[in-house]
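Paired with subunit B in one complex and with subunit C in the other, subunit A is shared by the two complexes that follow.
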Partner chain A sequence: MLEITHLIKSFGTQRALDDVSLTLPQGQIVGLFGANGAGKTTLMKSILGFHPYHGQITLDGAPITPKNISRLSFATSEHSFFPNLTAAAHRDFYREHFPRFSDKRFRVLMDFFELPAHKPLRSFSTGQKNQFEVILALCQGADYILMDEPFAGNDIFNREDFYKVLLGILEPHETVLLSTHLIEEVSDFIGRAVLIRHGKIVGDVTAEQLEEEGKSLTAYIKETYHYRNDRVLRVLEDMSEEDRL
Partner chain B sequence: MKQHLSVLGLFARSSLLRVLAVLLAMGGAEIFFFGRALREALVAYRADIGNGLLTPERLLDYTAVNVWFAAAFLLITLFLCLPGCEFGAHTGYTLRRLSVSENTVFLWQTVYNILIYLLLAAAQTLISYGLCLWYTAAVPAELVSNQTVFLAFYRSELLHALLPLADLALWIRNLLLLFSLGLAAALFPCKQRERRYSGSIIALVPATLLVFERGIGEFGHTAIAACICLMVVCEWVSFALVRGDGEGGEEAEEHA
Partner chain C sequence: MRKWLKKCTPPGIPLRGELSFLLLGNLCALLLSFGFLANYHTARMSLFDFIGGKRVLIEEAQIADFTELIHRTLWGFAVVALAMTGMILYHYFYYRQGSKSIYLMKRLPNPWELHLRALALPLAAILATVLLAVLIRFLYFVLYLLATPKECLPPQVWQQLWRLP
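Right, the complex of A and B next:
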């Protein structure tokens, strides 16, 4: 279980994460939603130890250190691979450092996305780079797979394919924490939604709870975020009034 | 050990082919221009115009071997500095999650860089030696003695710097430069990943080009090399201390 307790992260005087507490048991697909700058990426990077922070993050009761960091993997739209290396070279390299690296999964996903194994990654398109980033994260044998906007730049067909593959290949012990703005697209396959706003967790709901309440994920998010439907209309009215004057 | 070798392999895969291409180009250019100069010198000698060029060290100077060597050195330094930098991807996210520590990655990158600089020096020495042998085979017997190649390595400043023979001070200087260059080229990507700027390699490259070629008995250059080495080591230590503080701070914050 990944447990985050009273996590506080500040950049200068700006508080990016404000007393965040969250528990992620194994075997869930969790959507992490929030506006730009809400703290999604900071939360993920803090979990991975890329940022210093106040509070506590533990994995099965133990702090996250180089000893257990391989139980977490990370796919980011910023990309974390080596652009000059080929996909095959990445496989060889990751195999040495992540003992649970799955060759089979790597092969299957490479075939599925039709990615070239012997071309340097710098020659891949943005969509292909995203796909490869996700492949690497899924093949490391990690129990917790953190994905930060992994499909930025991919077309809808590509993303649909990916969701189907993800559901098909995940093992029962694998947890995915998926940060995305594509709420409608992921609403069908996530089991839980966590909402973050101004660095605070403002909502945490399971798919079953939403079903019981008869709410869609989008409606729940809008409600939790106090989204005002009339906001745009009011601005337009104000502008036209100013024009009249 | 496999993990360690894979880190070495990571850097080799990122730059070795380019480095070999540079060495091939350097060798090709030197052989081509040396051959042309040798032909011209032999024609002049046979026409009794003069034999001013007819020593291997003069031919090597005329061929501008030092310029080709300097160009190769600059390109190779560039290729060594790039792997591990975050241009186009945040490789640091992966490097921090490996089964070996980031310090170990840094160490292996330093080792790899030193090996590549050694390869450059060895390649240049072998090419120069080969060119000298070519000279001895091509010129009339009266121009050659069994000391010709040996003397060329003493008289040519570049060849003497590459293979200082009995010049102990120069051997020490070369070792200091080799260590400093390897370390500085590894510091550059390491600091770049943390959005810091490493000035060592920028200062070290022109300094190396300035002091590398020198004649016998100029001990001042060894002192300069020692100062350069000290400067790079200081940057490394200060970086390690700052990073150490950061990690310590992180731990302290975690337990707060």
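Right, the complex of A and C next:
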């Protein structure tokens, strides 16, 4: 279980994460939602130890150190692969450093996305780069797979294919924490939604709870975020009034 | 060797370019060190007089100090070593070029991998450059000792081997 307790992270005087507490048991697909700058990326980077922070983050009760870091993998829209290496060279690098790396899964996913194994990553299209970034995260052999906007730049067909594959290949012990803006698209395949706003967790709901309440994920997010439907209309009205004057 | 080099440098870095830079740098430093030979030749010639077309050793003539003759001719090696520190910075910066592979390096189970791959080649290159400079200084000293008439060598000449000017 990944447990985050009273996590505080500040950049200068700005508080990016404000007393965040969250528990991620194994075997869940969790959507992490929030506006730009809400703290989603900072939360993931804090879990991975990229940022110093106050509070506690533990994995099955133990702090995250080089001893257990391989139980976490990370796919980011910034990409964390080596642009000059080929896909095959990445496989070798991962094999060497992550003993639980899944060759079989790698082969299957490479074939599925029809990615070339012997071309340097820098020659891939943005969509292919995203796919490969996600493939590496899925094949590392981690129990917790953190994905930060992994599909930015992929077309809809690509993304849908990916969701299906993800559901098909995940083992029961694998947890995915997926940060994305594509709420509608992922609503059918996530089991839980966590909402973050101004560095605070403002909502945490399971798919079952939403189903019981008869609410869609989008409606829940809008409600929790106090989204005003008339916002755009009001701005347009204000503008046309100013024009008339 | 190539496999070892690949394991000790950032993945995907143009290794050939770095090795060429290192070899070229040391070659330039070596060429610059030939300045000692020119200095030595001039100093040795000043020990002699030419009388009637014959070369005659000047009485009580003494050759210039070794440290004086070698002064600045090995600086090229220092420049190469300094450039290697720049290579260290470049290696760390490499993980932020074109992608953020620094994220992968930072979450490897071996926490030293990032530093090993950034530091190993430049530090090995610095060591090799220093050793080359030491070897060349030693060879030049041997030349200075053997090619200079014994009576023209300064007193306590061996002390000059490692003395700085």
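Keep in mind that, in the parts below, the second predicted complex is superposed on the first by the 245 of 245 C-alpha atoms of A that agree within 3 Å, B and C clash if a C-alpha of one lies under 4 Å from a C-alpha of the other, contacts with A are read in each partner's own complex, and residues count from 1 in each chain.
Keep this in mind: a residue touches a chain if its C-beta (ideal position, glycine included) is under 8 Å from a C-beta of that chain, and two chains touch if they have at least 3 such contacts.
The model shown is predicted, which means the values in this text are computed figures rather than measured ones.
J.: After lining both complexes up on subunit A, report clash or fit for subunit B versus subunit C.
T.: clash
J.: Of the partners subunit B and subunit C, which touch A:82 in the superposed model: first, second, both, neither?
T.: both
J.: Mind telling me which of the two, subunit B or subunit C, contacts the most residues of subunit A?
T.: With both complexes superposed on chain A, more residues of subunit A are touched by B.
J.: Now for A:56: first (subunit B), second (subunit C), both, or neither, which partner does it touch?
T.: First partner only.
J.: Let me check the overlay on chain A: which residues of subunit A are in contact with subunit B and also with subunit C?
T.: 48-50, 66, 69-70, 72, 74, 76, 78-85, 89, 93, 97-98, 121-122
J.: If we count contacts the way the header does, which residues on subunit A are in touch with subunit B in the complex?
T.: Per the stated touch rule, the residues are 48-50, 52-56, 63, 66, 69-70, 72-74, 76, 78-85, 89, 92-93, 96-99, 121-122.
J.: Quick one: which bits of subunit A touch subunit C in the complex? Just the residue numbers, please.
T.: Going by the criterion above, the answer is residues 48-50, 66-67, 69-70, 72, 74, 76, 78-85, 89, 93, 97-98, 120-122.
J.: Flag every residue of subunit C that touches subunit A in the complex, lowest number first.
T.: Residues 10-14, 97-104, 106-111, 113 of subunit C touch subunit A in their complex.
J.: Please give the residue numbers of subunit B that touch subunit A in the complex, ascending.
T.: 2-3, 6, 9-10, 13-15, 82-83, 87-94, 96-101, 246, 249-250, 253-254, 256
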